[in-house]
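We just call them A, B, C and D in the order they show up, numbering each chain from 1.
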Amino acid sequence: MSRPKLAGAANSRPALAPELLVEMHDLMVKARALEERLIQMYKQGDGFFWIGGPGEEAFNVPLGLLIKKGSGLDYDYLHFHYRNSATLIAMGEDPANPMRQMKNTATDPYSGGRNFAGHFSKREWNLAPVTSPIAVQYSIAIGTAYAQKRHGGEGITIVTGGDAGTAEGDFATCLVWSSRPGNELPILIIVTHNKWGISTHYSTQQGPKNIADRATAFGIKNKTIDGNDAITSYLEIKAAMDYVRKERKPFLLEAHVSRLYGHSSADGANRRPEEEDCIVRIEEVLLEHGIMTREQMDAVHEKWQKEMAELHRKVREEPQPNPEDVWKHIYWEGEGS
Amino acid sequence: MSRPKLAGAANSRPALAPELLVEMHDLMVKARALEERLIQMYKQGDGFFWIGGPGEEAFNVPLGLLIKKGSGLDYDYLHFHYRNSATLIAMGEDPANPMRQMKNTATDPYSGGRNFAGHFSKREWNLAPVTSPIAVQYSIAIGTAYAQKRHGGEGITIVTGGDAGTAEGDFATCLVWSSRPGNELPILIIVTHNKWGISTHYSTQQGPKNIADRATAFGIKNKTIDGNDAITSYLEIKAAMDYVRKERKPFLLEAHVSRLYGHSSADGANRRPEEEDCIVRIEEVLLEHGIMTREQMDAVHEKWQKEMAELHRKVREEPQPNPEDVWKHIYWEGEGS
Amino acid sequence: MANMAQAIRLALHYGEEHLGVTDIFGEDVGPPLGGVFTATQGLRTAWNSPLDERGIIGMAIGLAMAGQRPVAEIQFADYIYNTIDLLKLAGNTCWSSNGQWNLPMVVMTPVGAGIRGSIYHSHSFDAVMSHIPGWKIVMPATPLDAYGLMLSAIKDPNPVMFLPPKALMRHRGEELIPGEPEDPRELSKMIDAPVGDRSKWKPTWPPVEEYVVPIGKAKLVRPGSQLTVVAWGRCVPLALQAAKQLEGEGIDVELIDLRSIWPYDWEAIRASVEKTGKVMFVNEDTEVTNFGEHLIRRTIEELFYVLLAPPKLVAGKHLPGIGLADALERASVPQVEEIAEAMRALARTEP
Amino acid sequence: MANMAQAIRLALHYGEEHLGVTDIFGEDVGPPLGGVFTATQGLRTAWNSPLDERGIIGMAIGLAMAGQRPVAEIQFADYIYNTIDLLKLAGNTCWSSNGQWNLPMVVMTPVGAGIRGSIYHSHSFDAVMSHIPGWKIVMPATPLDAYGLMLSAIKDPNPVMFLPPKALMRHRGEELIPGEPEDPRELSKMIDAPVGDRSKWKPTWPPVEEYVVPIGKAKLVRPGSQLTVVAWGRCVPLALQAAKQLEGEGIDVELIDLRSIWPYDWEAIRASVEKTGKVMFVNEDTEVTNFGEHLIRRTIEELFYVLLAPPKLVAGKHLPGIGLADALERASVPQVEEIAEAMRALARTEP
């Protein structure tokens, strides 16, 4: 049995407290276990289609931890794309819910069995419905950000999307509207750059060396970071968020991440060995600094895999929607608005 | 009667030959006289709506002179907006034709009395139909440019549009598609920046100090120039065009220009004294360098005003379209394609 | 008597002051212009946007998500066609989220021909819009209806598309908006921005009152016994003129202004057709896959056996655009004569 | 026997080699994927574009202006809705320029439900498209028709919208494309890209021949005497199944596959309705302002007095989306049973 290395043995201490690293690791592994379970559900016929975020945990978990979670203008508004499961897990979401959506059960709290996996929506957390059309969230996010600009306080708007989608006009719309002179918006514009749009490599389609550079002409602060490094991610997201919260101005953060199981079930949802695994990366740090042992980490993996398998069994038994449900919620059925 | 000053009396010689300056002046005045006549036509009830380019002559005339005019891939493809009359005049267009469109006669060669003033189209000159929807020409121009990239030679694509319109996603589309790695397009992307979109000032809506800066992130060469200076315009258009023709790569040229008669007849089409007049500017140079006298220049104005009045009288008599003409040209009626 | 642009302005003012409207925005909507049709002059919450229709609709959706009540304008319906995906999204957000999110937003965009607007200031939008579920869609034909429908649109917790006909924007109504001064010159002095420098101008608002035209309720414009004509937007006054022409010929037309495209007042149509046995639908959108064709289908489905003649559609011709020249425009969208002729033919049809 | 994806691929190959096609492009259209439905694998002129539908349509228009012959793909029709303004522009360019410019371009975009595609992989597009003048619009229901219609689309000097039904992409036809090998396994070996590394793969093209399905010509799928059913796209095989079910009940259905939405084969519809006196239109687009309603209007206008029953529409429900769960999808778009039931009801109707 290996023992933790002495903390002093490492070159320099990690920039984040050990407890936080242990928590982040736990959430990253949990999120990964969820996604791997979702893929398994697909492969076992417990769902028609899988798309999700395995490979983005090092970025998406700290993002979730740093979000000001709640409802209304004082909290962060979230306009995510379909790879943000780890952010939800870090925010405390019950992993049974993504499974419900995967299996399109009537109990799916995001869409009632209507939408694809990864298409979250949670109004109590200001989480806008994830949309299938790529990049439209960039055009919509300016609206919540504008309301928050007027409202003041510390609530901000956070929007995420992929690299290929920045070719859509909506991404430019976001830059234009976020930087109107005198109306600069408190918006954190995120691009998770995994180098791919389905089968098409970024380098074959887009000229910008860094996508973040596109913000410069608009006077929008920006940075490109290694999103596979959980510590870097945490620190850079925090710095960017602090700026947006305090200055009430936009920031564009581009994070390089991995697409660990390909695009979606449409291209097989199999592990891609050529992609770097951010969990391996944080585990190296944890090991090197003697924060966790291999055994401890293995136990974390086991715990969550077991938990996910159990949840899967439970969700499998939940009811499917009824045909007449299609007529519900065409218009608002709630109180007031 | 004043005499030309001796050329030597000026501080330094203009960077363009006197003959060219005289020609440019002549064309600028001719284009201005055309636009002022079009406005008069509107005010006299010989047309329902006026929009056009008075105030952009110092930029648009040299543009017209430098275009490789003709039909097919070896010549320049032109995707203009509705303020490019001076470019057409410099290319040798008969000013009766814009008047025909103003009066929506059946003889209007651009649209057969169907479209607004300034909405030119001339296939023999590779001049694509000017569209009313702002900025869509930026999304279309990439197509002719791509064909020319493949074809080789010296033909390029030229697209123009206004400052406000750069907020549309189509402008970003143009930047993205013009700079695809390995597929950089031979396209001269022009923005004529008059600071206004109808009643809305640029400075209230857009962050970029120079619109041209937006090209930088894409690796697209770019420059912002004073488009009210005819000599600067000529030299900078030529430099940009030479680059695009030879290197087969994109260039974004932003030119500051004046909107001398407001946006359109919708806001009165009256002379705006606060806007600089580029003809006054070139005339100062011509005078200062003794290239033309005030009298000679006055004669030019008079000549073209008279000519335009005559053309107006002629066009006024031309027939209007017939009701059944609406059914023509829904589909291609020509030979082949 | 306010014209339609003024009526909309008054409704938006009422909305700002009493119904929680937070943002009235779009291209040239704020000062100094106050909208290309002056419909947003002097409003407290009006502001100018970048020239970007996708941003405008996206902003409206986002504002609505954040609990605001926006009224967004697309300057002309002709320029809304690059936002259809966002309109569809606004229409499916409540449904897709299984009822979690609602979007209390209004989009206003002037529609139709009749202003010598040529190809890109003449588009109708009711046909395409009616094919987008999740929205409510209204189209006033009088200033008072514009006022009352705008109030309903603002109050509705769902996205509402408000389609004022361009050609009617300057038409004066015959009814006073509650609270409006009797003399239109007085109204103009109070709320129309001056020509020239407006930087110091402020409107004086008349104390307009709540007046609601419920969404989904048609209006009987003219009762009649021989045939039913259902029109909307600019075609309402045209059909009314035609109906009046026909009076002298002994043809008695019942004219219904649909006012709401979706949901629409089927009961009003049904009751009238059951009485007359003959029906004609009139609108200026192009005629292929036209909303009037939906109404014909429904009529056929539910009223086939009371019909005394085949239902008729009078609509815009299936053409790529509306030409600028007078003859071209007149040949493209319904004119009084064409409507009157169709009424005559329908009246004459023997079962 | 090729499936529809293969048939399209063969047609595009024929187009590249014999009809001057210069560019086949769109998201993931080029190597390595060759299209999300494999319809563009191995083609010489296929290339990948940025993820930008507006750029794709703009590029196609520009290429066509420059004398090229592009076939542009929008990956799913669900994602074409931010380009409607550009589609309208493509449709009015010839008309607006008074006949100067023509745009020989094809846009291909897979439509419809039936692949468990949830809200954004289930959209139909024929209704909205049919409301855009200046285009021709085709929708194949079999691989051979896909082949023949694509050849027509490529040859046409005007913009043509090619709408293959997603759910039929992998369906094998019953007819051979001229020049296609008899054994589908042989065809697959020749033209289907291998799983795994494709960087060195090249297709071996069978010597397919010119075979044209004229735009505007419907197909009689099944002759019958009692009622006419006009369907298109995925509803053709569904209606055929339903018709076969009804054989045993003594109901004799004539089934017409419209194939071209615009221009459409009115003569075929007219002749059949004159024979049967009863007609039903079946398609999966949502039912309000649906192209089938246009056909009903025309039927009513021209054939009212030969009708023995009110014409019927069977179409998608007017819902904001198609839900992922089986029950939701089945409740939203026409299924065999619903079509059969509608046929029964129509057959039973007594005049």
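Following the convention adopted for this analysis, contacts are C-beta pairs under 8 Å (C-beta built on N, C-alpha and C of every residue); 3 or more make two chains touch, one makes a residue touch a chain.
This is a predicted model, so every value here is computed, not measured.
Q: More contacting C-beta pairs: A-D or B-D?
A: B-D
Q: Sort the other chains by how far their Cα centres are from that of chain D and give me the top one.
A: Result for max centroid distance from chain D is chain B.
Q: Determine the centre-to-centre distance between chain A and chain C, using the mean Cα coordinates as centres, and give it in whole Å.
A: Roughly 42 Å, centre to centre.
Q: As a quick test, compute the distance in whole Å between the mean CA positions of chain A and chain D.
A: 37
Q: Hey, how far is the Cα centre of chain A from the one of chain B, in Å?
A: Their C-alpha centroids are separated by 47 Å.
Q: Check each residue of chain B and list the ones that touch at least two other chains.
A: Counting only residues that touch two or more other chains, chain B contributes 111-112, 114-115, 131, 133, 167-170, 173, 176, 180, 204-206, 330.
Q: Listing for chain D: what residues touch at least two other chains?
A: In chain D, the residues touching two or more other chains are 50, 52, 54-55, 79, 82, 85-86, 94-96, 119, 133-134, 319-321.
Q: In their complex, what parts of chain B are in touch with chain A?
A: Residue list for chain B touching chain A: 167-173, 176, 179-182, 184, 203-210, 213-214, 216-220.
Q: Which stretch or stretches of chain A touch chain C in the complex?
A: Touch residues, chain A against chain C: 72-73, 77, 108-112, 114-115, 119, 121-123, 128-129, 131, 133, 136, 138-148, 157, 169-170, 173, 176-177, 180, 328-334, 336-337.
Q: Give every residue of chain C touching chain A within the complex, in rising order.
A: 22-23, 50, 52, 54-55, 57-68, 70, 85-86, 89, 93-102, 104, 133-134, 136, 157-158
Q: Quick check: in the complex, which residue numbers of chain D touch chain A?
A: Result: residues 27-28, 32-33, 36, 48-55, 78-79, 82, 116, 118-121, 317, 319-321, 323-328, 330-332 of chain D touch chain A.
Q: Under the definition above, what is the set of chain A residues touching chain D in their complex?
A: 48-49, 104-106, 111-116, 131-135, 164-165, 167-169, 197-200, 204-206, 266, 320-327, 330
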